[in-house]
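So that you can tell them apart, the chains are marked A, B, C and D in the order they are listed, and the count of residues begins at 1 in each.
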């Protein structure tokens, strides 16, 4: 509790994300917060957490202070159990070997669809974003956690372009489209933690981050939010969590 | 010429087969005579002949006196350029990287179709033979040489079962079946060397082995043979060819 | 389920979700490992012909009286004889089944298949590979350009001829094969199942990914630290693996790349005996070499020190310059 | 041919039959190798993001003024900037195109794509992999289970939605990609082109098999004897390869596994300069670092000894225990 004023938005995002991962799980982590959070979880008493990276890595232990600049760099392979082709590591998702896909997001909508391709009309975009990478594959093939900054322009009713499918148009539309497995089940921001309604597949607030009000979350969201019946308040980051995190990312590469 | 009485049927078969291979070619060789003949060709001034084996080998140099008992044994990999998966080496044929497939045969017909699956009715066979192995793939995907013993029961008008396709029912039937590439272009026996008519795709005698008459070849064949207009007589094995061969297979594993 | 049916994606995913894929130690005895293979299962077998055959595990399955297995392997040799003759397999799915070029046809296979009490389901070698690969990729089929036009195609209606929507060409779609269990012998792995395979890998990587459980027998169990020093040498990742058994000479009398070649005197005596009489010869072989020994090491001592040493000398000579 | 058209099998086979695939020495200069890439070709690029990018060859293509290339790569970073900004590529086919997580969007890509003078054709990462793999296998497509339902699917009508004849499930068939030429950087290969790749291999093996010609740049040319001592370490076989160029630090300022990490000061200065002005900043970069140096070694000396040594120290530390 005493540390509540002493962490950045990126830091609480990372800590809460790390908490969502369990020892023994196989987690396919994207670059940035997901990589850092999964590494943090390993260091916080979950050494049996296996991290997979898109570059073609199974079971890496990233070294403190040596965060890789992408998931395709050699630093991702340090003390890994296996290095393999990048299509082959994605096929592990398709086959079903991976428990959790864990990605950042640029823009998300009420059904958990992610856009990382276009702002505006795809034929004449206002902004051409980087694109899918493995994002489409991960979200199509695996149960997924998204960690992202909470801003009104990022939390929209409907994304301009579905790069990575959440529940598409809700209900059974994801399964009907040919995606019977996986789906986003958690969205973690610096304000709150979200889940999805089992039937409508619409996003809902599960818990508020320490010191954050429901109103504040709604104000930063571009559509009317649903709050779970039993909305809780998340425990603030502990000193151990923050210290370990700062040891891992001393230059604040991902937690600026 | 002086050596004409001093070689076995297997030996002339191997020597003539080796002669059919050129330096620089990529040859996918089956076990037995093909492996031995390709190795002989390497030793007779064609060191740039690359031998591929079904076990997953590119560019092996089999050692004298250490002939492998199959193309899936470690002896096949000695001083190879590459070892890879056995499906992957077959995919090289499908992609088109290999010049020549080179196999033995149990039974062949007038269109070069090979049977290594069943004698008699496949539903209640008189003899269940070993089956295709890579034979079907090699003959479907590559220009092929077949080396085999010449017996009436092995050279038949129509095989009981097409395990490995030659020209199927002749003319364009092979291409029409979905096999536009490759096809058997030489059959080598201890009696003669055969090619195929460019149009009918029926087998024909190109040359007679030394001391063999046309009648003798016909007598040992289960259907009426066509003889090429310019049928020649093959040069007998030289002392160098025979000596090198016997150095490679001192125990007469494949040349008994 | 018939061995040629393609599993639905929902079934595949559910079965895999149930497995404990976490990083955990999995070392068990040969007897316990064989217990994971149950009557009637589809069993994928690693290695090829006489190479890296998981012989110790097959030997133990016969000893435990396993029944009605459907076994698949890229190429089958005397292991197939034992699976049929030892009573454990009713069906073998493969591309080639004989004792080897040195000995010709398998009289044991002929005896059982021609009499109709056992089945040999034949595919081309590439088709076997693409069936395992499809299974490992989590797709129901892969396209190939062989088997077309031959009599193998009508023999295998489980594969489907198909007009390519891109090029109009004819292709054959071969169905995924996802065995219930795969048994694979490797040179070394760690206690979690991270396996290194030296030399010929055959179809073992695809098979390990395709199967719904995997048993590794290994010449040697090494530390996880050793694996992590060369992660690009790992060929099978731990999360595919359900059990690890250390069995030195676990492929005997077949070979294990870089360690030992086949034990040819034992093989020759075996072939002479079963080809002379595929029923009584096999029974005598099983009595003496499978049911007789107390354990695998005693089986090795029946092969004899001279053969083991000679096979090892030959095997290690692969690395002579 | 449009970059998304699938080549017929007849064309693929004819093109491959014309190549000299024999075991022969293929060592050429960087200048000669770049000459094998002709205007308008489809060029597949090895490595990924900032790893094992064949930077020296890309640098030489810009110097030689190559034009209208369609370049494909699994993931594109500053190499894509240079291909667009240097005027050599009109189209980039990939799954992700940015400067890297540290710097965010590529202003150079945005400038050209949003203005419409260059095209970024987007696929999912797995789709890129399966496109190269289909190309390498000699089949016109492979089935995948992603891209379905998303807006990427209608964006890419080159892929075909498909009802599986085995299971009735929806699948996406992605078309084979067989580039005219692949450019791949490796740690070592022999004069024939037998290549060893350490660590991350990305999609390079599939790409090498798929392409209709392959240029390898390599940190080091080793003897064929050395290759033949460990044939299971060869990742790309010689018959795929048409030219071999020895270029130490040939991926600079990107990384090469086990040898050097990215040269971050150079990268940061580059990014700051081109993001401030994607046209003039790029022009200034090209003038100084691409057109300016006499040769690749002079480019390295512009990066500076301190950066090269530090990147090498970091790169080699991968093998520290």
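By definition in this document, contacts are C-beta pairs under 8 Å (C-beta built on N, C-alpha and C of every residue); 3 or more make two chains touch, one makes a residue touch a chain.
Just so you know, these numbers come straight off a predicted model, no measurement behind them.
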| item | value |
| --- | --- |
| Each chain counted as touching chain A and chain C at once | D |
| Chain pair with the higher count of C-beta pairs in contact (B-D, B-C) | B-C |
| Centroid-based (C-alpha) most distant chain relative to chain B | A |
| Whole-Å gap separating chain A and chain B, where each centre is the average of the chain's CA atoms | 58 |
| Whole-Å gap separating chain B and chain C, where each centre is the average of the chain's CA atoms | 29 |
| Centre-to-centre distance between chain D and chain C (centres being mean Cα positions), rounded to whole Å | 38 |
| Cα-centroid distance, chain B relative to chain D, in whole angstrom | 40 |
| Residue numbers of chain D (touch at least two other chains) | 9, 138-139, 144-145, 169, 171, 199-201, 231-232 |
| Residues of chain B whose C-beta touches two or more other chains | 57, 77, 83-84, 91, 94, 180 |
| Chain contact topology (line, ring, star, complete or other) | other |
| Full enumeration of touching chain pairs | A-C, A-D, B-C, B-D, C-D |
| Touch list for chain A against partner chain C, complex | 23-26, 48, 50, 57-59, 77, 79-84, 91-92, 94-97, 99, 180-181 |
| Interface residues, chain C side, partner chain D - complex | 6, 8-9, 138-145, 160, 162, 164-167, 169, 171, 173, 175-176, 198-201, 229, 231-232, 321 |
| Residue ranges of chain A in contact with chain D within the complex | 31-32, 54-57, 69-70, 72-78, 83-88, 90-91, 94, 117, 122, 124-137, 140-141, 161-165, 168, 173-174, 177-180, 253-254 |
| In the complex with chain A, residue positions of chain C that touch it | 9-10, 12-13, 16-17, 20-24, 136-139, 192, 194, 209, 224, 227-228, 231-232, 234, 237-240 |
| Touching residues on chain D, where the partner in the complex is chain A | 48-51, 74-75, 77, 94-98, 100-102, 105-106, 109-110, 113-114, 116, 120, 122-130, 132-133, 144-152, 155, 161, 169-172, 199-203, 205-206, 255, 257-258, 261-262, 264, 315, 318 |
